[in-house]
Structure formats: C-alpha cells, structure tokens
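Below you'll find the structures, each written out as structure tokens.
After this come two complexes, each holding chain A, first together with chain B and then together with chain C.
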Partner chain A sequence: MRAARRNSEIGPETRPGAARPGHRAGPRRVLAALKLYWILASASVRAAMQYKFDFVTSSIIQAVTGAIDYYFVAVILWKFKTIAGWDIYEVGLLFAVSKIGIGIYRVFSEELEQFERYMVTGDFDSVLVRPWPSLLVVLSRRVDLSRLSLALQGMGVAAVCVPQLLRSGKLTWGDIGFLALACACSAVLFFVVGLAAASAAFWITRIDELQVFTQNAPATATLHPLEIYPGWLRVVLLTALPFGVGNYVPVRYLLGKGGTWMNLVWPLIACAVGLTVSLKLWHAGEAAYQSTGS
Partner chain B sequence: MAARAVRKYWVLGSKGFLQNLQYTASHLINSVASAIFGLVYIYLWKAVTPVEGFADYTVETVVQYVMFNQVILWFTHFAIRTHGRIRDSVRSGNVATELARPMGFFAYRIASDYGSQLYSLLFRGVPVGLLLSVFGHYLPKNPATWAWTLLSLALGAYIGIVSKYIVGVSAFWTTEIRTAWTVETSLVFGLGGASMPLEVLPPIAQRIAAFTPYPCMCYYPARIFLELSGPGLIWRSLFWAVALTVFAQALTALARRKLEVQGG
Partner chain C sequence: MKESSIAIRASGLKKSYLVPVRKTGFMAGLRQVFSQDKREIRAVDNVSFEVPRGQFVGYIGPNGAGKSTTVKMLTGILHPTSGSVTVNGISPQRERQMLSREIGVVFGQRTQLWWDLPTVDSFDILAAMYDVSPGDYRRFKEEFHDLLGIGEFLNTPVRRLSLGQRMRADLAAAMLHRPEVLFLDEPTIGLDVVGKGKIREFLKRINEREGVTILLTTHDLRDIEELCDRVLVINHGNLVYDGDLANLRDRAGLPTALSVKYAVMPPGIRAGQYLARNGQPSPTPRDGAWMVTRVDAPNRTVEVAFDRTRSTAPAVLMAMQELGEVRDVSLTEPLIDDIIKRLLDDQ
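Then we have the complex of A and B:
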C-alpha cells in the first residue's frame, strides 16, 4: 500500500505531510513539537533507568572497551612515534572530536541506526498515523543515554591530549571554543549521514550493511590524519561521507598543520548543506514508502 | 549410528549455509565496506611502517598481514551469530525446547553456526580478498602451507564460535549480552592480532596475549599463511579448542540448572 493511497484513506488530518504540527514550521507548532519530543524522550529515558545497575555498568564497560580504536592508534604511535607527522596527542584530538560527535549523535538518534526494523516489520505505519512529523516521532522513541559512553571515551582522550597540546603551545585556550564547535558539527554530520542511510530504507528496505559502509568504515578512517590516504579516498571523506570535515578539517588548522580560517567555517557549511539534502531525502522516502503489512 | 549423528550435524550446518545464500547481495555490499576498512588499515600501515620494517615484517608483509586478516575476520569472528541466537532464545523462552531436544545444546549451536561460517569465508571473505588484491597477494611457496593454514583457520573459527557461545550462554544469568560481546570483540582486536601483528604491542601485552585463545583466531593463521611461523602454532590452537570446549560444556550444565523460562 503506497503512503499516498493510505493518506487518502485515513483523512487529511493525519496525513504525513499535510496537517502535522511542526511540519509547516510556524513558531507555535515547532514549540509544540519540541515539547512533545521532550515528553516522549523523557519517557524513554525513564524506561531505560528502570535498570539502573545494568545501565551504569554497561556504560562504563562500553566506554572502556570501546576505546579499542584509540588503543590501536596509541599502540602504533607508541611503536612508531608519528603518523604522517601527527603525534599521539594530535591524533588523540582527532579521535576525541570524532568520538564526542558520534556519541552525541547516537544518544539522540539511536532509532535511525535501527530504522531497518521499521521497514521490515511495517512499524513505520504506526509512525505515519501520528499527527506529528515522522522523523520527530522516530527520534523521540529512544534517547539512549548508554551511548554517552562513546562521548565519554572522546572526553577522556581529550582530557589527556588537550592539556599536553596547550603546554606545548600547539593549542591556545581560545581554540577550546572552536573544538567544542567542531564536536557539535561532527555530531550533526553523523546525523546527516545516518539520516540519509536510514532514508534509503524507504526504497531498499535492508540497510544494515549500507550503514556499515556509510558510517562505520568512514568514521574509522577519519580517526587518522587524512594525509595517509590517496586523493580519491580523501575526497570521499570530505564530500560524500563528510566525517573528515567534522574533525580533520578544523583540527588540522587549529594545530597549525595547514589550511586557513575557512577550515573553521567549512564544517558549518557542510552541516547546513548536509541537513538540507538529507531531510529532503527523508521526505522523498516517506512519500515513496510502501508498507509490508496486509 | 555414528553416520546418523554426523548426518544430523551436516544437515544443521548445510541449513546455516543455505540460509545465508538468501542474502548474498546484501553481504556483497558489506564486503565492500570490509574492503574499505582494509584499505584504511593498509594505508595506515604503509604510512607508519619504517622502510627497514620491524620484527620480521617488511612493509609488504605487514600489508599482506592486514589483507589476510580482513579476509578471515568474517570467518573467525564477525559473522558468528551463536551468541545472539542463544540470547534471543533465552528471552523468548524457546531455549526450553532447544534444551529438551535429543541432541546436545552445545553441539546443536556449534553445528548450526559452522555452515554459515563457511558461507562467510566464501561469500564475504573471498570478495574482500579480491577487492584488496590491487595491493598484490601473497601465495605460500610451500604447498603444505595451504593445508596448515586451512587447519589453523578451521580451529580459529571453532574457537571463535565457542567463545561466542560462552558469551551467549551468559544470557541465562543476565539476558543482556551486549557488554560481554563488546569485551570479547575488544580482546579479539586487542590481543588477537586482528588489526595488527602482535609484535607491535608492548612486551607485557605480547606475553599476556600468548596465554589467551585470541591469537588463534587471527594471528596464528596469518603467521602460518605468510610463512613467518611453522605449523607448530596449531598445537596451541588445538589446546585452546579443547579447553574452551570443556569450559563451554561445564557452563552449559550450569545454565541448564539455572534456566528460568520467561512468560506464562
């Protein structure tokens, strides 16, 4: 059943694109949508907190064991001193910005990572009949605080690397604000790619493998300085899967390894363009949605 | 009698293989992602390895080491689903039926997964190897090395499956196994040589790794294939295969007594 046909059956008041508060973005509707998001997200957090012990222990263990990526880089740097001229603290900064970004993204967008399930089981039908933008409903279903462990890893590495870089004069106190901005942009860029990959599910249904391809692999690649990669791979990591714009581009400039002040602006531009494109993709996908139900 | 028992496990293994054949296209996409991971690590190692190399690795050897591991990782670690299946079975209560079957729960789970692991080697590992072959490929000089490598790999996959089985059985006590799996994966990468030769680790970590089963999954097969070590490493894999089997069986017996079926 095509979404369009269902819309005509369930009436204009519940159409995905027509009468949803927040969809035509008047300030009151946006405010109402945000209020609803807050209520639903709080409920999701309260549900998770029914198992406090499990939450705390699993978050800590995940933060520690999940730092394997940095362990890998740190071991290499312990043995070989630098990667393409970047020392352990500089690479640590790349790692920190990326991990904080992905941590924030995963806390608020965990449902996008599981979006395949909505298509396979037909659960998206229940999202469509609600009088709110479908993306808001999907995102509000789970705020996964345990994913803060990823951001904690990044903060832990930053806590070691930043003071060292400040002492060596490679960073100044003024750069800290730009680093915070870079973390925020990195989170938005993970959201952009995550949303685009989730949107693909409207057409191809199964996206698990696509998510590995579009997120895990490039996210791992950008934990290292991009100088080590051939030109074509660098272009991919700075355009189509722009995680490098979130961490490498600003950090490279802040550490005085090249670039101009525009390196601090590119992440903002990439976020604006990326958000526009991926939201359009989501809406196009929503219109093309076919339920699996009977 | 023995033939019937073998046939039983053969059927389970074949089922796992055939089930996976339904998702070949999806797995091929994943192979591209795996190849990209391989690319990332290859370029990283090319950037950091000194011209004169380190330990008994040249730049070329370390690239081949990374490639080999990228090919076998699905076989010995990533594609194994035993833990998830046991967890789901405990959560749904189906585990009661599975435990009541006239065959060992352990053998049932291992046989089911071995078929899909073979599929993973052929349809996930080999495509990754083909994609990464732009960096050249190492072929052992001694024909016997192929046989030793396959034996080492078979044992490595077995150890991988039993290790995940142990993670899965922990669901009898905890129902949630994500943390246990994360710890296990970290150990495969950190001490198993999945992402780097163990010679890169600090000496203390190398010594610890030698007393764990994790190098059997990646490091030993790679060393044997690249003819950097002889087949003697297979004895270590054999030891761990037996030790983990005994441990897993004992854990299963405990779990059987612990079982609480959900719902009513």
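Then we have the complex of A and C:
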C-alpha cells in the first residue's frame, strides 16, 4: 500500500523543517520564477484574447483619454507659451517619461489595480496555496497588453518633442540613455506606490479611493513642472508619492533647468528604498490577511 | 505517536478577529465611523488534534463553527492568533511555499482553475508551477481520465464546465503534483447524487490505494458516513467531539430502528406500544421495553426503536421473533444531522 511505502520513505529529506526537493533557492529559483512568470503571463494574454472586442475598445479608450490629458496641457501652453519657464516640448518630455512609466507599470501590474477584488471575494486564498511568492502569482494573473497604449502615447509625444529639444540644443544624444533610465525608474516608482496601495487592502479591504488618491491624482499632477505647485505638494510628489522623482527630477537636470548629476541618481535610490518598503508592507499584509467566510 | 507518522498536528489553535461594535440610535452610521469600540470574535478557540498519515477525517459542524478557518490555518492561508500547526512536519505559516508542494486544497465554492482558458491549460500551468515532469504529467492525464473522466472536457473553457465537471477538474488539479495531504472544503456542495457519488468514489480510492491523508469539511453528512474513519465536530470554535461515527451515534443517544417483515402480520400490535424483552407487547415502558414506532399491516412490517447504548440489535430481533415468523430484517441508523444537532444541543 502506498501509505506504507510513503511512511517507510520518511527520511532526512522529509523530517520536520528539512529542506524539501523542489524548494530551490538562489539563481535557479529566480530562473524558474521567470520561466513560470512567462508561462502564466502568456496564459493571461490568451485569456484576455477570449474577449477581443473588449481588448480593442479598452486600448482605444485609453489612447483617447491619454491624448485628452496631453491636450489640456497643450492648450495651456498654446495660450501662455510656457508654464513656470517650461515650453511645450519640455513639458512634453515630462509627459512622455511619466506616460511610458505608467504604461509599463500597468501592462505588468494591472492586477494590483484590481487587488481589492482579491480581498472582497477571498480570491487571495487560492494565491496562498501555490508554492511561489504570492506577489509573483498575483502579478502573473494578468499581463494587460491594452495598457501598452499608454506607453505608446508617451512614445508618440517623445517622438515629437525629443527631436525639437535636440535641435534646440537643450538635449544631447547622450541624454537619450538617461531618459530611457528615467522611464524605467518611473515605471518602478508607479509599481512601488501601486504595491503599497494594494498592500493596504490587507487591512482596510476597500482601496479604490486610495488608489485614485495615491496614483491617478499625483500621476496627473506630475505631467506638469512641479514649480507650479505649492511647497508642501512638491514635497509630497518627491517623497511619499514620488512620481516627480521619476520624471521631473532627472528631466529638470537633463534640460539644464537646475540640479546636479545626483538628479540622475535620485530616481535609482528612490526605486531601491521604495521597493524595499512596499515589499515589506506586502509581506506584513500577507500575514495579516483575514480571508472571507465560505 | 511517532512524529513521522503524523500528517497534521494542531495544538492550541486559536484565531480571533476584532470587529467594530455596532452602534444603534441617533446617527448610528456616523458614530460608527469614528467609533474605536471593538469586540473579539473567536472563530477557532483552542483546537488541538493530530491526524495520522493515511487517515480520512471528517471535520464537521454548523455554519460559522470555524471549519473553514481551521482549514485555512492548516494550509497557510491564515495565521493563527496563537497555537501552532504542522502539516507533514512543516509550519504552514513559516514555510508556506514549501508546504504547498505537499498538500492539495479544494474549495468547493471557489474554483482554482483559470476561468477563461481550456481546462487543459490550467493543468499545463499547474504542472509547470509544481515542476511536474512531462512523463508524470502524461500519466496524470491518463490516470485521471480513468478516475474522474477529465478527458471529456479537457478542451472546454473552465467557465463553460458544469458544476460537477468543474469539481472533478478542481480535484484533479489538486492531485496533479501528488500531494500527501488533501484538504477539501465542501467538495460536494451543490452537486447532484451522481456527481457526489463520483467524487466520493474517487476520494475513497485515493485514500485507500494511495494513502493520501484527507481532511474533509462538509455539510453533506453522507460524505462522512461513506468516507471518514474519524469525525471531528466543531461548534463555536471549540472541538466538541473527536472519535468515530459509531461512538458519535452512541453519544447522541438517538434511537436506531429495527424493521421486521413477518410471514403473517402479528395480531394486536400497534404503534406507540412497547415490546418487552420477552417479546410480549405492553402499553407502558418497563424493564427496558422498546417502543413500537411503526406498524404497516398491508406490508406485514413492524418497526421498533432502541438505544444502541442500552440494547443490541440481536436482542431486539430475538424479542421481535417471538411475535411471529420473520421474513426480512432491516436496520436504520439515526440520521447524522440529527446526531450532530443532539450533540450540539447537549453542549
């Protein structure tokens, strides 16, 4: 009988606390995680393609709403020529870095934006019975390619603004690499704030309004130069909700509007600190998870 | 008991929640928002038990008793407020990911499959997630087609499966990585008789042939009767019974019914009468006489109720044989729902 065979197999590997096969650590585990992420993410894209109409309309709606964001900024600039000393192409660069960042974030982390559902329905239970970190399982549930439209808007605006700024000598070709880094940092900072807001759901369950307050509003605010805001709001956008560190801080230095080379390093530091804090918050939340009744 | 022979160990397990005290009266809703008043709800309170490897345990109790909360603590979903748990010697809270490779979990009310994808895609994903080798995965599909008929709906999206098919798919998915311990939270809920039968047959097989330890919560007490070696009853977060079903029946003290069909209907016997140990009918209960609960003259059948803790079925039968020639005999145990209700009423 298999039960008897199993009992006879109880050896050092299956003693309490002993390491089990399959629970690898180190680089192999990371590679295995990436492979699993790829499999799960591909599955999520296949699942999304079951609803092609929804995919197409959602992409179009996001592209249009994003264009409206820039339209409002552009209208002000046509009227006043500059905002706090920033012309339309310079503001366009802020817009582009932010939109590319948020686009990348939303493609890979859309499930965090919907995380409230996991708490309300208790779906997080099924995440916790898998042999992988819960964040990996949650993120891989949905890769939302329709959110690429956000990044494409940013790239479109960059395609117009960057050549103008290169021609006017405000940017050099060497700055393009730093701009790409700024976009990546911006994406990470959106992830940091998104993860922290999602983690709050472990304690307060409903986070829709919190997500609007911590992401949508400040993300829109950082489409403009921070000089137009009062001091306290600038502090918020450079610390607690650090989206300004992702676009304003490096772009300001690259356009020669102030700051030092440290403006290019601060986004990296903010990403490292932010990731550490929000991951700790997530793990604390996981332990505090209350589930729902059955 | 040797550590290695224990699959599940719960010790002083407690889970409590703080919930706001509901306000009443003037502007209750607004006062509720600013209120700091909280009270403690103990979902599970000081529960301890051990389950040896290979045992099939029924974990039962009324709604809100703490069954699902216990299962969630045993599987690492919830962290206990106090007490400790080990499953296969592993702490579900400290080593959740490691434990996940050794257990299977099925929540009857919630699928763990990928809703919009064909069922086989869910199995493919889980095979990758649990590092199941291609050979083992191929064997799984063949074996589980035989056991649960999963081949019939492998290419159907999960959202289009019937409840019975979905539950079979969920069970197969939970067994894909060959776990040693299986936690089932109401796996037969909502299924028809045929569906329940298939699931029970499957569970019995994997428990008996493969030695999988199973802890099952259910409201369908036929699951318990047909499958479980042992029953744990929980009520208001406390374990109120731990033993086998026969003892539970005895403890509840509800009557068992012995029904006898005679060659010729005995004269003068009526429902409500008593039957003495010497087989003589009596209008009053005396000297341990048993009550005649049903008389069906056209079918020549008489039913007598007796308490298993005080009498045995052969003793009752001997008395009933005094009434006439017996053609057929049947024994009906009390319904398990009634047993649980009686047990909880006595607490």
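Odds and ends about this structure:
Operating definition for what follows: the second predicted complex is superposed on the first by the 256 of 294 C-alpha atoms of A that agree within 3 Å, B and C clash if a C-alpha of one lies under 4 Å from a C-alpha of the other, contacts with A are read in each partner's own complex, and residues count from 1 in each chain.
Definition applied: contacts are C-beta pairs under 8 Å (C-beta built on N, C-alpha and C of every residue); 3 or more make two chains touch, one makes a residue touch a chain.
What you see is a predicted model, and the numbers here were worked out from it, not measured in a lab.
Once chain A of one complex is fitted onto chain A of the other, the partner contacts of A:36 are limited to chain C, with no touch recorded for chain B.
Of the two partner chains placed by the overlay, only chain B lies in contact with A:72; chain C stays clear of it.
In the superposition on chain A, contact is made by A:84 with chain B only, not with chain C.
Once the two complexes are laid over each other on the shared chain, residue contacts for A:260 go to neither chain B nor chain C. Once the two complexes are overlaid on the shared chain, A:46 sits against chain C while remaining clear of chain B. Of the two partners chain B and chain C, more chain A residues are in touch with C. By the touch criterion given at the top, residues 54, 57-58, 61-62, 65-66, 68, 71-72, 75-76, 78-80, 82-84, 206, 208-210, 212-213, 216-218, 220-221, 224, 227-230, 233 of chain A touch chain B in their complex. Chain C makes touch with chain A in their complex at residues 3-5, 17, 53-54, 64, 67-69, 72, 75-79, 86, 88-90, 93, 96-98, 100-103, 105, 107, 109-110, 112, 114-117, 121, 124-125, 128-131, 157, 180, 185-186, 209-211. On chain A, the positions that touch chain C within their shared complex are 1-7, 10, 14-20, 22-23, 32, 35-36, 39-40, 43, 46-48, 50-51, 121-126, 128-133, 287-291, 293-294.
Against chain A, the residues of chain B that register as touching in their complex are 26-27, 29-30, 32-33, 36-37, 39-40, 43-44, 46-50, 54, 176, 178-179, 182-183, 185-186, 189-190, 195-196, 200-202, 205.
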